[in-house]
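The following pair of complexes shares a single chain, chain A, combined with chain B in the former and chain C in the latter.
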Partner chain A sequence: MKNFVDAYSWINITYLFKGLLITLEVSIISLLLSFIIGSFLGVIRYSRIKWVSGTVGFIIDIIRNLPLLLIIFFTYFALPKLQIHLSIMQAAISALTVFESAMIAEIVRSGINSVPIGQTEGARANGLTSIQTMWHIILPQAYKKMIPPLVSQFISLIKDTSLATIIVLPDLMYHAQIIYGQNNNYIIPMFLAISIMYFVVNYALSLIARWLDRRLV
Partner chain B sequence: MAMIEFKNVEKYYGDFHALTNINLKIESGETVVLIGPSGSGKSTLIRTVNGLETVEGGELIVNDQDLANKKTDMNRIRKNVGMVFQHFNLYENKTVLENIMLAPRLVLKRNKSENEKIAQALLAKVGLADKGNSYPKQLSGGQKQRVAIARSLAMKPKALLFDEPTSALDPEMIGDVLNVMKDIAKDSDMTMLVVTHEMGFAKQVADRVIFMDSGKILEDAPSAQFFDNPKEPRAKQFLSQVLNH
Partner chain C sequence: MKINKIKILMLPILMIVSTLVLTACGQTKSSSSQNQLTTIKNTHQMVWGVKADTKLFGLMNIKTSKIEGFDVDMAKEITKRIDPKAKPVFVQVTSQTRIPLLKNGNIQAIIATMTITKEREKIVDFSKSYFNAGQSLLVMKGSKIKNTKDLNKKGTVVLGTVGSNSVLNIKKVAPKAKVLQLQDYAQALTALKSGQGDALTTDNGILYGMSEQNPQTRVVGGTFTKEPYGVAIDKGQTDLKNSINKAIDEIQQDGTYRKLIKKWFSNVPGFDWRELLND
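This part shows the complex of A and B:
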């Protein structure tokens, strides 16, 4: 019991929250970037120009089948060899964005696929161009159906940010390690604290998703 | 002048020969009904007219443009040729009014107040003046189909294509939709090509009836003549089946 009281000192708790802020910052930036890039790639897979859709599909497949850790190592250790120097934060965000964009592209693609072909035919017959059809008719319906898989992907993203601990990203996980590194008795209290933090953030996200799902037509 | 003209048109789905040597001329203002057994190519034929299906040979002139030519701008044809589908294909994410106003806004750049005025008038015409703010999923099949017709009319097209517009409807809904279609057919400028199993509608409204089987046009005759005295044995057999059932 004493361990818990000591572990949760004001200093340690604020230190954990600083880590949480980094986790959130990296996740949110990666999330926004990968949402935009992933949507774009997902739509491009429907391009009528065969080599464009084919190439994009191939690259997405490769990325989706690599371990995220490998991509993180790549952006941090390999890019400098190619004269591209990123900060830890930039390396983490780049790696997460590349990986998540590929995952989201696939979600967007199957979301678009799930909109009945009649919606496209109705719009095209009505005189809309393929881009207008995609923007006004298909994507709004696809995103509505994609809310559950997108949210699980966002939740994985937040959790996966902790992988960047390995390149010393000072995130929530890393700060917890620093604290219990100084005193072994703090291991369990720290695990408990960060579990609660991850849970609260991710659970809030799923609540927002449920609210969105009810609000959208 | 012909609104729609097929000259030796061929259509393949892979190896399957779906349309064989189609020759057909539909004058501006005509109402033509297309009938034939299931799988005979009626949908395929009607969908070539607005480019939803490509054609592989011959010429297909619609509103003075050749759809067999890959360079033809489909959107220019679709501006002038509306289509009503068996399963309505209303935009599920938009209200009834938005469904009707979207294409005129995006494609014709019609201004908002005029767009709204026209949409409201069309809704009244199809008997749904109070449904403007409903979503498609809140409507019955017959109501959806009337909205779909209003949506096509809002583009002020020269021609309208109907692919079995009443086949997915409960019997008591069919009459309302047919009445709206009869009303449109009265407009002497509107060209209509209708695939339907409603022989009463064909008899009453069509100028001509086209009978298809296995991707070929077997008979093309004025409506009265076709129903009184079909020439082709296959057409006779088909008529006796649909009329006696």
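This part shows the complex of A and C:
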């Protein structure tokens, strides 16, 4: 019991929260970037120009089938060989963005596919261009349907940031490691504390998603 | 069907292209090929890779957000002697990341409980040894294991950390034992305490630090290897290597070394810090 009391000292807890801030910062930036890039790729994937959608689909397939850990290693250890030097933060964000964009692109594509073809035909018959049809008619309907899979993807993104500990990103997981490095008896209390932190953040996200879902549908 | 054919065609092409790109990169000299000693003297900073999770050698102080330890103090002293104006900059590394970071030029030198080995000397250059560690065993109090001979049986599990030299050593000394490699020392110790292994092996200095905090564990069997720690630098940085060696000589001769050893190792129970001054 004494270990728990000592482990949760004020200094340790504030240090953990500093780690949580980095986790959130990395997650939010890569979440926004991958949402934009993923949507764009998803729309291209849907386009009727065969070789464009085929090439994009091929690249997405490669990325989706690689372990995220490998992509993180690549951005941090292999890119410098190509004279691209990224900081730990930039490397983690780019790796997560690349991986999540591929996942989101597939979600967006299936979302667009789920909008009945009649919507497109109706919009085009009314004289909208194909870009206008996509932007004003198809995407708003598609995004509503995509909320549940998108949110579960975002939740896994937040959890996946902990993989960047391997390149020493000072996130929640790494800060916990530093604390139990001071005293090895803190390892279980720290794992418990960060479990609660990850849960609270992710649960809040899913509550927001449920609320959005109810508002929009 | 058409897309499938394209995919099948593209796969080998992509593989060939990526192999070419990678081999081409291997041949071109990276940015680390410039003379690091000149860089240090021009920029007035020396970038060191240090550990942040190892007691006594390199440990993050949460209150000050500064890394403290014997390795860190040595790095400060060496930097001061190479260029009095230069400031040491510390980058946190782990056993897995330190060599890639050095090779990529992110750091100029590694001082992170790194043993000088022949395997590693193929990839990096080492300074002369600045610390004489030796590998030992940590077991639970009352364990039947007294030395490495007791480990060499089928069914025994030895715990270590990923990428460390001690794991390779134990495979030679006790080939019949199973070796379980964990991410860091704290995880390895927790595994030992929860009965997932019979002994934890790493360098004695680190084990004494663990034993100090966990009275139910014991360091047994003495040291069974010599693990001289060295400063690692990239291959071909002869100027930097020579000035680091010169600095280490000065530190040992002017009494700074004795002071630092006493500062970090005189409080470890069951360990006479004066032993470290011999050899």
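Just so we're on the same page, the second predicted complex is superposed on the first by the 216 of 217 C-alpha atoms of A that agree within 3 Å, B and C clash if a C-alpha of one lies under 4 Å from a C-alpha of the other, contacts with A are read in each partner's own complex, and residues count from 1 in each chain.
Throughout what follows, a contact is a pair of C-beta atoms (placed from the backbone, for glycine too) under 8 Å apart; a residue touches a chain by one contact, two chains touch by 3 or more.
None of the values given here were measured: they were computed from a predicted structure.
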Touching A:Q141 in the superposition: chain B (first), chain C (second), both, neither? first
With the two complexes superposed on chain A, say which partner A:N113 touches: chain B (first), chain C (second), both, or neither. neither
Touching A:S47 in the superposition: chain B (first), chain C (second), both, neither? neither
Which partner chains sit in contact with A:N202 here, chain B, chain C, both or neither? Use first/second/both/neither. neither
Looking at A:Q177 after the superposition, I want to know if it touches chain B, chain C, both of them or none. Which is it: first, second, both, neither? second
Look at the residues of chain A and decide whether chain B or chain C touches more of them. C
Which partner chains sit in contact with A:N3 here, chain B, chain C, both or neither? Use first/second/both/neither. neither
Once the shared chain is lined up, is A:Y15 touching chain B (first), chain C (second), both, or neither of them? second
Tell me which partner A:Q90 touches in the superposition: chain B (first), chain C (second), both or neither. neither
Where on chain A do the contacts from chain B and from chain C line up? none
Given the complex with chain B, which residues does chain A contribute to the contact? 118-119, 121-129, 132, 136-137, 140-141, 144, 217
Residues of chain A defined as touching chain C within the complex: 11-12, 15, 50-51, 54, 57-58, 76-77, 80-83, 85, 166-168, 170, 177-188
Could you list, by residue number, the parts of chain C that touch chain A in their complex? 2-3, 6-7, 10, 21-22, 25-26, 30-31, 52-55, 59-60, 62-63, 92-94, 96-97, 100, 104-106, 184-187, 189-190, 210, 213-214
Chain A partner contacts - residues on chain B that touch it in the complex: 50, 52, 74-75, 78-79, 82-83, 85, 87-94, 102-103, 106-107, 135, 148, 151-152, 155
